[in-house]
Amino acid sequence: MSEPSLVAQGLELMIFGMGVVFVFLTMLVFVTNIMSKLVNKIAPVQEVAPAPARAAVPQQGGVDPQLLKVLSAAVKEHRARQK
Amino acid sequence: MQSLINLWHDTGLYHMESGQVIMMLVGFLMLYLAIKKGFEPLLLLPIAVGTLMVNIPGAGLGWSAAEAAIRTGDASLLAQFRDLFSLAADATVHDVLHAYHNAEATLYKKALALGAGAGFDNGMLYTFYSVTIASGVAPLLIFMGVGAMTDFGPLLANPKTLLLGAAAQFGIFGTVAGAVLLTDAGLMDFTMQQAAAIGIIGGADGPTSIFIASKLAPELLGAIAVAAYSYMALVPLIQPPIMKALTTENERKIAMVQLREVTKGEKIVFPIAVLILVALLLPSAAPLLGMFCFGNLMKESGVVERLSDTSQNALINIVTIFLGLSVGYKMSSDAFLNGSTLAIIVLGLIAFCVGTAAGVLMAKLMNALTKDPINPLIGSAGVSAVPMAARVSNKVGLESNPQNFLLMHAMGPNVAGVIGSAVAAGVMISYFG
Amino acid sequence: MQSLINLWHDTGLYHMESGQVIMMLVGFLMLYLAIKKGFEPLLLLPIAVGTLMVNIPGAGLGWSAAEAAIRTGDASLLAQFRDLFSLAADATVHDVLHAYHNAEATLYKKALALGAGAGFDNGMLYTFYSVTIASGVAPLLIFMGVGAMTDFGPLLANPKTLLLGAAAQFGIFGTVAGAVLLTDAGLMDFTMQQAAAIGIIGGADGPTSIFIASKLAPELLGAIAVAAYSYMALVPLIQPPIMKALTTENERKIAMVQLREVTKGEKIVFPIAVLILVALLLPSAAPLLGMFCFGNLMKESGVVERLSDTSQNALINIVTIFLGLSVGYKMSSDAFLNGSTLAIIVLGLIAFCVGTAAGVLMAKLMNALTKDPINPLIGSAGVSAVPMAARVSNKVGLESNPQNFLLMHAMGPNVAGVIGSAVAAGVMISYFG
Amino acid sequence: MSEPSLVAQGLELMIFGMGVVFVFLTMLVFVTNIMSKLVNKIAPVQEVAPAPARAAVPQQGGVDPQLLKVLSAAVKEHRARQK
Amino acid sequence: MQSLINLWHDTGLYHMESGQVIMMLVGFLMLYLAIKKGFEPLLLLPIAVGTLMVNIPGAGLGWSAAEAAIRTGDASLLAQFRDLFSLAADATVHDVLHAYHNAEATLYKKALALGAGAGFDNGMLYTFYSVTIASGVAPLLIFMGVGAMTDFGPLLANPKTLLLGAAAQFGIFGTVAGAVLLTDAGLMDFTMQQAAAIGIIGGADGPTSIFIASKLAPELLGAIAVAAYSYMALVPLIQPPIMKALTTENERKIAMVQLREVTKGEKIVFPIAVLILVALLLPSAAPLLGMFCFGNLMKESGVVERLSDTSQNALINIVTIFLGLSVGYKMSSDAFLNGSTLAIIVLGLIAFCVGTAAGVLMAKLMNALTKDPINPLIGSAGVSAVPMAARVSNKVGLESNPQNFLLMHAMGPNVAGVIGSAVAAGVMISYFG
Amino acid sequence: MSEPSLVAQGLELMIFGMGVVFVFLTMLVFVTNIMSKLVNKIAPVQEVAPAPARAAVPQQGGVDPQLLKVLSAAVKEHRARQK
């Protein structure tokens, strides 16, 4: 069995490659459609339990979004009154 | 006095070769593109600095302990290397280096041990390259971080846009065929592996390109990475003419149906579904798509926000710094200044154009076959280059119809393109494995 | 045509074995528990994805270069491995793999070098496991981060609650004895090392369990880690019945004396004092407790906030990602699907129950002997599982006396339990060292 | 000297293990009590000197706490006046 | 019973040697200085904890697999090490250890493989040291982060202050000469390499000191690192008397011309210009100055803020933790408790004083030769120790003239000092390379 | 060629070392001066193009500086009016 020529190999890779890509993504279209229907019918999402323990540690350098909300609301009122 | 001479011999000027000068100019050009033109600066800036550093004459930042020993060791040490590689007693430093660079794995490791045993150290960039790229780890971690940044919502709302992401991969495989034909015509001299590694540029995905090049053709990695990131930055220039040439004004005006709301549950299950499909059909794509899905699952599950945040920020940033510098290691003048690089630049551009065209044509085909209208402009987004390519679709669309916002519609094929090129990468690993 | 067959041979379906299917189902179960039930998702989610990835047939993410070479190399390479392990010429791939997995260190390394020399790469999960767990580094860094998150205030305000943390470690050593008795009865076949590694689950401390398992019984690491984290998540279900069975309603109503204020100075000196005691009494606990105290000192000293922040955030998150995936490496079907896993699950549960009971009984004993009243419900917090176990003490306490807040009182034994299980780990390292 | 039976080893490890754990943590009780007294008597905590040099670099993504204090104080006044 | 004896033999008390006790006291002293006195706590605190850990008797945190095997292995294993080092059959453990510590690279690696093959592990601190310091990577990453924190604006506004940064490096080279003279006088016994490594303390730059010491005299690294960081913290005590002694009240009152505005473009091009000069003149300084310029370019280019942020925060913090602990590895009693350490402390102090004086005198010289007035107090800032030394200049200046703010003027020589000591480091690498 | 004495080597390193340091930094003075002139004459800085793609991801834990500017401006006005 002699080695196929480089051009033959190149074309082979092209055909196989596009074939696999299309087969894979086409199957993914079907899988996704089915999955979406199943998920939305059988198990409508409930909120997950709050992450326990160590997840509760506040994020690095984060600013309390609540505080920012309060502040910016206050500023808005402030401006509104200024007009 | 001898020390003074040593010092002069240690200056860069004394050792500077023309190739290194040219490569430094290439480095400056990349800096210019990154800083002034905003070409993918997150990668191009570190690559540029890596290029400058690796080409500093005599600094040896890209030398392994073995290469340092061969280049700067004494005669008896050189003789040991000659013996190791079974070279004749009159083999020059250049011959020994050539034998070293082409040695198979076991001999290569022996050479490293010989150099290290003689007290030489690996250069910084060589170390970075070994740890991040040669191990394959860095591109995978980038993929994880990108997964944690990706929103599959638009894709889930309209799954058939996955086919646009499939079609655009023709840029990859068409280019492989092109490289092979060039070689057959005697114009170039690429192996199949090299052709495949060049083709992957058409995937418009930096980490995938680096991952595949490091496995199939590490000698071309520098040029491939630079080409991939440069063309990704040039998407707004490359794609519009092709998109306009292949579509009519009326096609470009097509308004698409509003995307439906996607539930949290779908978003959580989707990466798992992709992973299952990978497991069943294409295990060779498991590293890339596995890490991508892992990152996305961390994001969408909502229960590990700390991990998701870190993989999108500190971790991906750290890896990007090292990845960029490490690519610089492959930007030495021997590796870069040859005909291959020119061919890579030309073929990479062709790959982008072909991928863009294939995506647009596929969209037109789908439009002909299905009911819901598809604006063919979103087909070009199938090449990846997230989110640049989707923005280009939107912009070209707005030119024809100022009321038609295609951005969200184009995000579907855009992220499908990432999956598509990872699948293509899996095919190549499987084919050559 | 051959390529097409190769491709089919490369699909996961072609290679899928029933064990892999079952392990993938185990992976999905863990995902469900992590995402929907909130079971320690920071670890269980990465472990689950690692489990899925390592069981993708043919992907070889958990293979070393040697295993990849043995499984997929050609006949002449296999012959070399046969020679290396002094096997007969008719030894199958399965025999060679068995010899490889049971080789002692020097031979194991030679096998790795042989595989790498033949051009094979380590799989991603194998690489992660080697760097993070086999080296022992990842659990230590997690311990450092946990130390930087721990407040010893409640413990310092009432140091005698340290004894509750001591008592609860009976879960560890009682389980060791149980595993040994099972073996003696011929029901199981554990070595002393394996019994000790299983017992440590009773410490209710994930990183300690992984650290000890990687040293004493790496073959059981996957099951031990999963059991440890699962039971830590189940503390709110496991502990209350035991706590109620061992206490009277009146005991549960005991109100404890308000904790005194603890000064900054005490908090700074405490980790140093622990470190000194480790140095004097139990050096084998130095890695775990040393890093724990280091983390706590970074936090309490107040002068290195940047380092403390990073060890509580970016660093611990990065390590957690890799640690979780790496545990997945030990979740291959051969390692997990056997009787040991079942025994580990049963013994791990017993360990938790025994530890809980021992803590409660110790609290009752102390209550009988000392003046200041101790609510025995805080004894159960001595198992560790910070801060879950302390919350459980508080919750059960509130059921009997809605005015009695035990949370802060329970935090003392809770963090004492962390120290206690690290001490127990040190004893084991010393015993088998 | 023959190897003791597995059961004997297991019981031995149990007794030694619990013994060491209790000895260690009991000593830690004493050490902690002594330490607390010493620390609070001899060296009542003074505020440490401000961290020098590179420690002075602001924390990642951090927001100047001073600024936040000013802002939230301002907002409080603002609200107070609104009532 | 045997186990009980084993356990006693495993306590730290049983093994404690006087040297270890003293080193632990040194560790406590460093903790005190870091926490209570605020002496460079970011480095001194981890170094102190590393010192405590490495001196825990019997814990072996600083042992390589080879050292663990030699110290705790059985007789037959010890015999194998004797053979390896060609020692007589009656060589003691101490003799074998001595041979191991002084073995050349190839033999050293064989010893490591022998220890690992016998099932021994590397201690945690040994692992950290190998990965961070022996590889040279950690100091380079710190330099990158420092580069990303550095503002060259004041230097660019007044480039001739670079000469002050040059003059202050006389602290480095003067000390080398001093160490050599001490040796010549028979008072000490330093090699040229050791003298150079000690001299670099005068550069007042921690990572540079560690980088050079790890290359030229790793046996002195612990003392050099501690001295460098301690004196950097003591700059406010060391410098003012020298500054006042060498200047008149009138000189200290000199007001300097307001610095001009520096454009963004200049700031971007400057690190590139430095890199070019390194490439042309002193390639051996490429690793340090290359990474420094890379960090600065990331900051000033403004296009890679995520990378710049990460290198200034998460990455530099992670590296600092490991670097500090790793320095602790070199703080074992054998390495630290000898005459060299005392000499290093004395010579390091002299280096700081000489550097300060040279900077001030250079400023006076420049003042005599140029038109724009230079307050000689800013000369002392040329030693580096950013931004402490510049603040000292400012403070001493304010004492003489409460209206004269020298801080910005002193930042020029201050960052010039960083470049200067990196250049000096490059000279040393080139001289001994 | 005999090895020079240690003292000779030390002095040599001192002289060479200081020499190289001064040559390097003196050249850097000139290069910097020239560079500054060139940069400011030939290519007065334009604002760089906004960083594309992934650079657009918001910084970790960062707070919108624009928001802070708005807020602090508001607070200043607020205070000014209070006086």
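As written, the chain order gives the labels A, B, C, D, E and F, with residue 1 at the start of each chain.
What we mean here is this: a contact is a pair of C-beta atoms (placed from the backbone, for glycine too) under 8 Å apart; a residue touches a chain by one contact, two chains touch by 3 or more.
Note that the coordinates shown come from a computational prediction; the quantities given were computed from them, not determined experimentally.
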*Equivalent-chain rotation between chain F and chain A, CA atoms, steps of 5 degrees*: 120
*Per Cα centroids, the chain farthest from chain B*: D
*Sort the other chains by how far their Cα centres are from that of chain C and give me the top one.*
F
*Between chain C and chain E, what is the gap in Å from one C-alpha centre to the other?*
38
_Centre-of-Cα separation between chain C and chain A, whole angstrom_ = 30
*Can you list the chain F residues in contact with two or more other chains?*
13, 16, 20, 48, 51, 55, 57, 59-63, 71, 78
*Find every residue in chain B that makes contact with two or more other chains and list them.*
3, 7, 35, 38, 41-42, 268, 281-282, 301-304, 306, 309, 313-314, 427, 431
*In their shared complex, at which residues does chain E touch chain B?*
104-106, 109, 135-137, 140, 144, 268, 272, 275-276, 278-284, 286-287, 290-291, 293-294, 297-298, 301-304, 306-307, 309-311, 314-315, 427, 430-431, 433
*chain B partner contacts - residues on chain A that touch it in the complex*: 5-7, 9-11, 13-14, 16-18, 20-29, 31-33, 35-36, 39-40, 43-45, 48, 51, 55, 57, 59
*Which residues of chain B touch chain A in their complex?*
155-156, 159-160, 162-163, 165-166, 169-170, 172-174, 176-177, 179-181, 183-184, 192, 195-196, 262-266, 268-270, 273-274, 277, 281-282, 301-306, 309, 416, 419-420, 423-424, 426-428, 431
*Okay, in this complex, where on chain E does chain C touch?*
3, 6-7, 10-13, 15-16, 24, 28, 31, 34-35, 38, 41-42, 45-46, 49, 52-53, 55-61, 72, 113, 116-119, 121-122, 124, 127, 313-314, 317-318, 320-321, 325
